[in-house]
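In structure tokens below, several structures.
Look for chain A in each of the two complexes below; its partner is chain B in the first and chain C in the second.
So, the complex of A and B:
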């Protein structure tokens, strides 16, 4: 019988123990895989939204500041700015206050919206085909709304439906008529709700402010200069501005959750130690059981290095299978996790959450390494035992 | 019926000490994480649920949910102060007109920025919150660009230390003091003078008006219903949150949001009904200080839920490890078990004995893990409070309750991992086991 055959026999001799060890390792890998995937997902999120070419101008103190409406025209006249669209937050509650009912709402100007966000492709939500005429309908209807295709799907909306939103930011409840949908393509944000800012302005008695301005520059290289020009223009005014790329803005949002990197690393370390204990225990049990058997093998001429190889490979196989099982579970259950997270405050951040192959490339070797590390001491203890004491021990 | 002596199990745990230690450590780790999660929840809860007095009432714009979103006109503020249920000192109402602005500040040592709430308050506002104590420096002077900073914020954000200058609005504000607010939500704020801040931020309305109700009897919302002062209304599917009790006042349809078990004084109850007296169409909403902060826990941080998920998955892994150890323990002792059965111990006793052994093993691990979690006790950190969209500073609190729950969690893992092996032990066939070497 060759080494591989012995390995398989050894692993299947106590099937229950092998299974329990694998399940224990798999649950640890499952956990770490999810934590790492979440971290990577959040790190990439800002870049995925095509936000490198766009700038957001908002108040210097925080996003809640109000900018005078005149800023919009002044920003449009800044050199190298090709288009700018006003933004107003609304903070509308749909149906009832619950995390799963949340979505972003922006008061915008229909005429300039697509010049700033060209990837926003108007579609008919029923057929999902391009429908520029629906965008015209949205532009023509003062209380019209343009909602992402994912919102249509999630809430079962149809064109022409009336949507009531009551604002937490302003003392108004507004009704909107769905006129058009859009699909921003894969990985893009198709969960926003756009409406006419004039509609909100009028309901508030035309106070004449915006919360932000979204700007498109001639080229990504022009953006740093545009940032300096805009912030310089309003420096020392009553309302100073802070201009940043959409990417930077979103990254800042995620940082507000707290020090996630540290949290994930701390938990990952704890889980890694737990895995080490579990595998060390299993290998110790396996090695102890075979004390006399290994002595016999040594007696009939197996070199200690060969035995070491055999037992360590056994550990490595356990580590590999356990990590693989954990990874498969993590990858398979990712859509379910996304669904569970959708009911929390951070739900929107985790849309499209998946556990990718890159995490497997990181964790499977780590799993094998931990199992090997755990095996070294117990295996060494057994192998270096003198043959006679070892045989006597078994009887 | 006589059970198998406990000493039998204890001696075995000691003899097989390597396996015992490994398994116990395997349990200690998830227990430690579990305790840390509980301590985090406890900290968040303390910050939000233990803030406030039952006779302090805040007036906000209706549906605003938090002061950051709210605005109360100067005219309405005057009417609120004139309400007859507001406490007086001399001929002045005990009321504070306040303004909240958010400021995006960099954290010390990297880690990005976060919003910090800046409260413009008054001397009366400070008196309304006696838990807020100045520990260094002085309170900001009226009309001066000065602020005081909560200790938790001073330790964690740039430009917030005593003597530094905080760029805010168009000017720099001097940090003239550091205050301590115990474990309350105020410990995540920066305080300045209300009029000065409102002026600097061109606010023509207040964010909120805080008042103290006239001294009166304090009872929980539930008890007020029992006393006939309030009537609960039917809670429909469209109500904002299940935990809130919709309380109907008198017979009209206006309803108050009250948390069932939280306390409220009789005159505060009257103030909760006041918004419709002030404006014809109720554009204001009143809440007790207790409920105001309590409600924010529902919108609070997702970190707690994620932490529970982590502890759960780790627990599953640990339960498998316990099973492994116990199966091995039983396999190596099958002859002993057969002897025990032969001398008359019933199956139940064998099963109980092994289950107890597993639980003892797990409790040792649980205790270790719980004690290890003491390392995070008192560490203060912050997360974003989604209700106010600003930083909420809190400290991990490993209380005796948390330690107890941690041990129970460990013990439960022992039961979970020990049940099947113990059952198996009780089914050991006597004769074969005795013959086997």
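So, the complex of A and C:
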């Protein structure tokens, strides 16, 4: 036996309590890891999908404002804008109104879509191989649709299938023929449904508006100037615009749910505090139970510093194992979380959701620190007790 | 210069009972002087509250005197810091408690090995020391047993093995048979006698039991913190 062996013996002396403490630490770390990972994921999402070079132009008052169609051509002529594609929200119900049937639908212009979103790769959903000719077929069919590969897989669609969508925004039901699929690659939403905006325009009697315009700039550095130019161009008009990056737009969506970052940090702090209290209670119980043993070890010749080192090492090991377990669960279950979220409104935002190593690098030391913090006071209280009083404690 | 292993002069120990205006000084030891020589086997007797356990604790360095001189093997242990005292206890004192105080999650061998973790001995040497100590107390076949698997007498023998494993200068025993039945108590007393007789161990033993005190070579009586008698017994009476 050595001191490490002694540490293991002490940790396993009350297996049930050790397991419960570990699970309590692990579940706290699991929760905080997922909250932090979700925040990081949302922050990085636009960067992963090339969004740093893209802007969204929409009505200043709200996303549901309608912009005159003429804005599209004027935006295309703004210096440093390389491409722009109109966007119309459709809000279509597929089959029946149910969370599992929800997916985003956008009326777009096929000719300019890939210029704005170049990472969108047309594929044949049956073989998953590149199929630029299918995109041409989609472009040529007025009622054609381009759907993400995940939608094909989820609903068992095939090319040529007819899809009916009933809009909740407009009084129309539209039928679409699936002509092409796309795979946006890792980390991007492959669950969107694109169709020709002219098709919707015609069905609505050509009202001549769009909900937004997605713009690609020459470079990320050019975006601030483009924003100023576009919003300046429509300032003081009947329909003023608000141009923002995809990051800002997503952040805006998230802010609709409240201040998520504040919420996550508040929950993280509360969980950390609860973890501290639970650990402190366990450590205090464990230390109290061993008061006379610790006194005997002092009597044998163990210096207080040695005992402090030994007992804090136990706490650190407990903190490490609990955090590691929590992190492994969080990382292992991340694909499942993604799957569960896929059926919700925020599903597309969480495509490719993972709990990464950077979270582990943050939370495992935090778990150890919390365990040490929880242990230091009860351990010190026991160690500093006079040997005679402490031995009498066990009698 | 004296050749005493333990040299005590005018030792005082005062506790404060209560606090504030109700605080009361309790003089547990009052000007006590005593010498213990190498190879002695001293029984400390006296009524409850006479200060015998306090004296033992002071000699063991697990309590500090209020005044006086306490030298062990020429070292004034009252001047040592906490960590120096801990190091000194590890190398110089083997303490035997009334309630054995073994660590329940460690086997007999591991309990005995505990003080050796503070030495520079390697794993194999520690193992050899543990085997020797457990053989001396007659428990070489119980090395892997946990305290809960041992009888009270066996637990106390493991505690004695733990006390002797570092080959300390002094063995201090506080009522070592106080929690044992008569037969087990006899075994422990015989073991202590043998450690003194065959291995030359210097032993100070606190006891209430006159029969246990019979085993010692010297009987020191305390009353109200004062040494009242110090009798060296004739060899035949041991």
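The working rule: the second predicted complex is superposed on the first by the 386 of 395 C-alpha atoms of A that agree within 3 Å, B and C clash if a C-alpha of one lies under 4 Å from a C-alpha of the other, contacts with A are read in each partner's own complex, and residues count from 1 in each chain.
Basically, contacts are C-beta pairs under 8 Å (C-beta built on N, C-alpha and C of every residue); 3 or more make two chains touch, one makes a residue touch a chain.
All figures in this text were calculated on a predicted structure; none of them were measured in a lab.
Chemist: Between chain B (first) and chain C (second), which, if any, makes contact with A:138: first, second, both or neither?
Modeler: It touches nothing on chain B or chain C.
Chemist: Would you check which partner chain A:103 touches, where first means chain B only, second means chain C only, and both and neither mean what they say?
Modeler: In the superposition, A:103 touches no partner, neither chain B nor chain C.
Chemist: Of the two partner chains, chain B (first) and chain C (second), which one does A:2 touch, if any: first, second, both, or neither?
Modeler: Touch status of A:2: second partner only.
Chemist: Name the contact category of A:10: first (chain B only), second (chain C only), both, or neither.
Modeler: second
Chemist: Looking at A:298, would you say it contacts chain B, chain C, both, or neither? Reply first, second, both or neither.
Modeler: The second partner, chain C, only.
Chemist: Is A:28 touching the first partner chain B, the second partner chain C, both, or neither of them?
Modeler: So A:28 only meets chain B here.
Chemist: In the overlay, answer first, second, both or neither for which of chain B and chain C A:388 touches.
Modeler: A:388: touches chain C, not chain B.
Chemist: Who touches more of chain A, chain B or chain C?
Modeler: Between chain B and chain C, B touches the greater number of residues in chain A.
Chemist: Is there a shared patch on chain A that both chain B and chain C touch, and which residues make it up?
Modeler: Shared contact residues on chain A: 395.
Chemist: How about chain B: which of its residues touch chain A in the complex?
Modeler: Where chain B meets chain A, its residues are 18-19, 22-23, 25-26, 29-30, 32-33, 61-65, 68-69, 101-104, 111-115, 168-170, 201-202, 237-241, 283, 299, 301-303, 305, 310, 313-314, 316-318, 320-321, 323-325, 327-328, 381-384, 386, 389, 391, 437.
Chemist: Within the complex, which stretch of chain A touches chain B?
Modeler: Answer in residue numbers: 16-17, 20-21, 23-25, 27-28, 30-31, 35, 61-64, 91, 93, 95-97, 166-169, 171, 236, 238-240, 242, 251-252, 255-259, 267, 270-271, 273-275, 277-278, 280-282, 284-285, 344-346, 395.
Chemist: For chain A, which residues count as touching chain C in their complex?
Modeler: By the definition above, chain A touches chain C via 1-3, 5-6, 9-10, 12-13, 292-293, 296-306, 386-388, 391, 394-395.
Chemist: Okay, in this complex, where on chain C does chain A touch?
Modeler: 57, 60, 62-63, 82-83, 86-91, 93, 95, 97, 99, 101, 103-106, 110, 113-115, 117-118, 123, 162
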